[in-house]
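What follows is a structure written as structure tokens; I'll ask about it next.
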């Protein structure tokens, strides 16, 4: 766990640039909603900042919004001139943005947009698109399985996570028409508090008891997907009921290779991190960078300059893309029994 | 059961005259009416809950749901069983939840990264629990920091430790077939019946031996009829349970067959029996009650209070480790949330609902199992109802209150009768 | 302070002869050495923590960080102040965190949807707290369900209630300037000094009046020199604090000026004084201690124990509402997480670290403030250190343990000297 | 003469165990009534029933000839019944003064009047010859057995009550303190109070009491004038429930 | 004759308050030594120092002539010192049998031997004429004051100890029970044990003791043969610390 250690370093190569540049503070939200924050985002951001030779400080609020604000206070106290935040909710996010602004500190919304917050920039994936890919993925797998009027269950993300709302909007956009047309049947639906995988297991077990004929599961990310797969396995239904996911975690990819999971959505976090870091570094140097597009904040109605990345759907046949991208290493993925499946999937 | 001293003719009439089924039953009714409820409220609460859920959702009374109940409640129940020991002393362990997370993470890491055999890894997890217990116990007993503070600090530290072990937030899969089987597989039907036969047989034997031994010494002993009644009740109830669990409950019997007693059931049973014997029939257990009832009196009786406190924390953390292993098995993975969120509160709640006192001196391991069953039935039933998160929280809270209310009102009535 | 009875010549030497600075100091040292530590351990812990952080991170001792400390610790401290009342009775309120969330949500909803003026909304929030307290208290006192179970149920139910109020997971912004000001704005510098003058003046007056009144009755009274010393100490410490908080602390003074005592400081101060007077100088407060010390004795003395319990829960929930308002102000929003996560454990921890007993009968409102300060300093300092999540949890746990260890070891030593 | 306090036909069970059977008992103003009986006879239980600690299963309580309901200790206190219980009920976390005024604190305005309470407590205690208490601001947890007992007695006599019941008040007291308490008991009765004294010490009983009531296994064996009884007769009533013509006949109350 | 138990120069303070000053005390095998003194004189404190409940500030303890260290109640128990404390230390949540064998349960194999404990407890209790206890499987919380006292005494005499110390054991007992306990005390001494009896009842003291030790305000005023003392002298020693040639002189131990 070296990644846990936050580095406050100045790289000597670009000391001249750093001399003028201010310090950048990054606040990550938690480590239980997804593995990505600590394993991917932190790593890629650190690399980007080191390369730019700026001082930085990355901290994780661990799903505690009081801590989130305290960390923001402390970063400003420590001399940060740019903050990049993944908010826990728009309200506390806005409080941080307001306080920072009043002190002349610029703020970038990273991955999650702070509604009504008025951040200087927004960097993310197209989250509705993520949901769309999941919805399309599930239909594809159901078609492959030649399912007839399948009952589809939802395991939504945390009710408090705004991205979860966007994902749902995405997959509803694909699946709702099919429910309406009668091709699919809408099954039970639950939002999993805090993306808690243990709770998700019991929730899904009870869905299945109440509605034994569930034929497809839209799980909002790989952790929730794995919880559903465990229950399906117990009932001998794994591989027969397709399950979706998100984040291309090692666990999710292994489940795909094993045939238990239908698909996941790969978000090339490196791109997101690089884009965010680029904006932050520019701001820290006192520049006014321009963004490629903009997003309309539905609450304030203002346009926020934005950089939006494209997510990619991953099925068994293109798991190798994720490895090739360096997001997951072959060593972690192809352990034990999976070595053979990796070869089969063309991963080298 | 109780030894009655003979009183002069005009003296107060003794509660139990000669033990027989009739008299024992009358004495029991009197005891209950007098306020010594034992586990009745928890059992009553359980029955009411089951009835309500069964009416609201017919799927509640299916074989599959019955089997689900056991696996869903197992981890909490196991942690609660350990907590009983700490609560008996009037102490608390807020860190038991995350301790189970740490131990589960140790299991997952040793399995995944080191590739050791499952029993070595399980042992490592339990040993981790033991070490945790020693440290917590020593801080409480030897240094004298209140257990609330020690375990609050541990609650934080273990959260950090889990993160370190799962590399700051990854999800470690548990794929070892034996470990996964614990919470996901079932005993062969014949094994279920064998287990049943052993349990009922041993119970009958113990009852008989004890009665004859007491009779030989001239102490009041339970009559054969009463023993037969007890053994019969157990045989019928356990028989029905085994029978139902041995029914086919697969959604697709052609594809896969799903029958038998879930493996967690014998795990819980064995631990229940072992800990109950230790609490009730060894001097160690006796001393735990004594320290919880009156620490000073225990100290004056020469009981090594500090050592006892440390042992209680060790048992608690070790049971948390067992709970963690079951949780890891059930989720087939470990993540930073394992043992977190409401695990601890539910476990303490289970012990308390079962009848264990937070102020020490009163409690049984069976309490944890009964209370754990109440908590599991509420979660299970609410899961079937398909409410949204908010309604579910609200209803769960109210149901919990109702279950505890039965108990409280019964005791109230008893207190009004002068017993408390 | 204490009245000494004259003893025969060969009798044991009394602790305090005539009160004077020298004698009072000697008596204090003896009391501390004898184990009556008062708030010394918490204060010592605070000093050590501050010293360590100041050395590790010079930014810890800046004016801006000093001001941050107050707003960061305010909500937890306020909730802890209320919890002291419940803990004094030997009860617990696990729902205080989410109760603050519910009340904050009521505030936000009435502000946002109904557009009522801020004072009406704040009142509605506090009233909600009062109602919650009445319900919890009645369930504990009248129905007789253990407070752990009642408030565990409430913990779940309130979680659901917050979700209902914030419409299943959105978050409601709080934009009212007055409410937002509470945790985010400061007093005008002159107002800070005025407050300072009033506080010191009133303190001096009370001390003087009490001493002269006791002297008149022929009871031992504190001498002028001792009073002067106390008032002087307060004047210097508070003076330095006000001075520092009135320094310019904006990172960008050209853009915005940031000076003055944070508004939460007088809020906490007023509540601290009011509750302390109620606990120490009214019969209501006296009865709380009595019930916590020996419920049966209190009942026999004719104290209405049930009513007292309900009042304690009302105070606790009302203070939770105040804490919720401050939290809503600080976050400028309310969401389903308000009052959740570790708020409750930190609040109880604050009270316990300050010296309040979980077993009832021992505690002061000041404990909550001191313990709250310890918790806030740990969080604040750890935030400056820039550790990763796992390390931060680990270190926070250890620091908490150390802070509590000072206290425990001191009391241990005292117990060895025969006092407990 | 109507008794100031009278109970009639009191029954009391703890669960299946019946502890008091149809007990009659009276205490008269200006008199000391001794309540005697073997260990476990039910003396303390009877007192707790009168004090509102235990609810009674049957029977009636009369105060000054009128039937009254005593459901809580508060009710008893309001009638003017003051009791020193055998299991002294003191709050260990409070000091002597605070314990003595518990439930009836003196106030000036809304706040407690600590000074006048301290003064009064001091006065009462010194009248009971407590010499070794270091400070009346000492917590009662640090008192010796006898000192605790004295505080409990002082607490009860501080009020202008009409009935004072003392359950084995001198059990833990030294020679001098015992004499002082017995003197106090007599003095209280002489000022017109009804005093009930429970004691196992026959010398004390005969020294101060006007009337003796003997409980035997939960039944009232006899309630007779002290002057009509001998030492030996009382012991017989206590240990056998009867003595000659006096007492229980075959377990039936006379 | 060397005393079986001897303490020399014991000092004990509670914080700033010094409770025992340089106390000397001996108990001889085969004798009953009465320890008397006013309320708060320090009797119970001395006993608790000997029992390892309180650590001593200074002084030495000798057992059978050899210096010993008593740091915990366990140490005292291992030496064969058995104590009935004034603040009876019983576990309210356990029953009578469980309390009597606490810390020294009988076992058969690894498990408790409940039956033999029940038998033995029954025997011991009936020798102390306890008649009103309904069942020896009753929790001690439901016992009367005297019944609790009896259980505590029975607990102490159950063991083959060498020294038995009883701190006001008869305070709550009835007439018959008191006689029984005094008889027991004498019997224990006659079988060769050293018995220490604390009591405020001079009759009891003179009835059974061989030697009397008087504590006065934390100092040992005198330790003399009972036969050399009169009733009045002992009362004087208790209340004034001296009596003629005997006792403390200007606060200095003789």
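In order of appearance the chains are A, B, C, D and E, and numbering begins at 1 in each one.
In the analysis below, a residue touches a chain if its C-beta (ideal position, glycine included) is under 8 Å from a C-beta of that chain, and two chains touch if they have at least 3 such contacts.
By chain, UniProt protein names: B, C = Xylose transport system permease protein XylH; D, E = D-xylose transport system ATP-binding protein.
Please read these numbers as outputs of a predicted model, since none were measured by experiment.
Q: Hey, how far apart are chain A and chain D in touch steps, shortest way?
A: So the least number of steps between the two chains is 2.
Q: Could you tell me which chains are in contact with chain A and with chain C alike?
A: Chains touching both chain A and chain C: B.
Q: A-B versus C-D: which has more C-beta pairs touching?
A: Higher contact count goes to A-B.
Q: How big is the rotation relating chain D to chain E when the fit is done on Cα atoms? Please round to the nearest 5 degrees.
A: An angle of 180 degrees brings one copy onto the other.
Q: Taking the mean of the C-alpha atoms as each chain's centre, how many Å separate chain A from chain E?
A: Their C-alpha centroids are separated by 73 Å.
Q: Give, as an integer number of Å, the spacing between the C-alpha centres of chain C and chain B.
A: 37
Q: Round to the nearest whole Å and give the separation of the Cα centres of chain C and chain D.
A: Using C-alpha averages as centres, the distance is 43 Å.
Q: Can you give the whole-Å distance between the Cα centres of chain A and chain B?
A: It comes to 39 Å between the two C-alpha centres.
Q: Multi-chain contacts only, two chains or more: what residues does chain D have there?
A: In chain D, 14, 17, 131-134, 217 touch at least two other chains.
Q: Where in chain C do residues touch at least two different other chains?
A: 8, 12, 15, 163, 168, 388-391, 393, in rising order.
Q: Going by the contact rule already set, what residues in chain A reach two or more other chains?
A: Within chain A, residues 1, 3-4, 31, 38, 62, 159, 191 contact more than one other chain.
Q: Can you tell me which positions in chain A touch chain B when the two form their complex?
A: Going through chain A, the ones touching chain B are 1, 3-4, 31-32, 34-35, 37-39, 42, 62, 159, 188, 190-191, 193-194, 196-199, 201-203, 205-207, 209-210, 212-213, 222-223, 226-227, 229-230, 233-237, 240, 249-251, 254, 335-337.
Q: Mind pulling up the chain C residues that touch chain A in the complex?
A: Against chain A, the touching part of chain C is residues 57, 59, 62, 64-65, 68, 72, 75, 163, 168-169, 171-174, 184, 250-252, 255-256, 258, 327, 330-338, 341-343, 379-380, 383-384, 386-391, 393.
Q: Name, in rising order, each residue of chain D that touches chain C in their complex.
A: Touching chain C from chain D are residues 51, 53, 72-74, 77-78, 83, 85, 89-94, 98, 102-105, 107, 110-112, 115-116, 118-119, 122, 126, 131-138.
Q: Looking at the complex, which residues from chain B come into contact with chain E?
A: Going through chain B, the ones touching chain E are 1-5, 7-8, 12, 14-15, 213-214, 217, 219, 277, 281-283, 286-287, 289-290, 292-294, 296-304, 361-362.
Q: Flag every residue of chain E that touches chain D in the complex, lowest number first.
A: 14, 17, 37-41, 44-45, 86-87, 130-134, 142-147, 149-150, 168, 171-178, 200-202, 217, 235, 238-239
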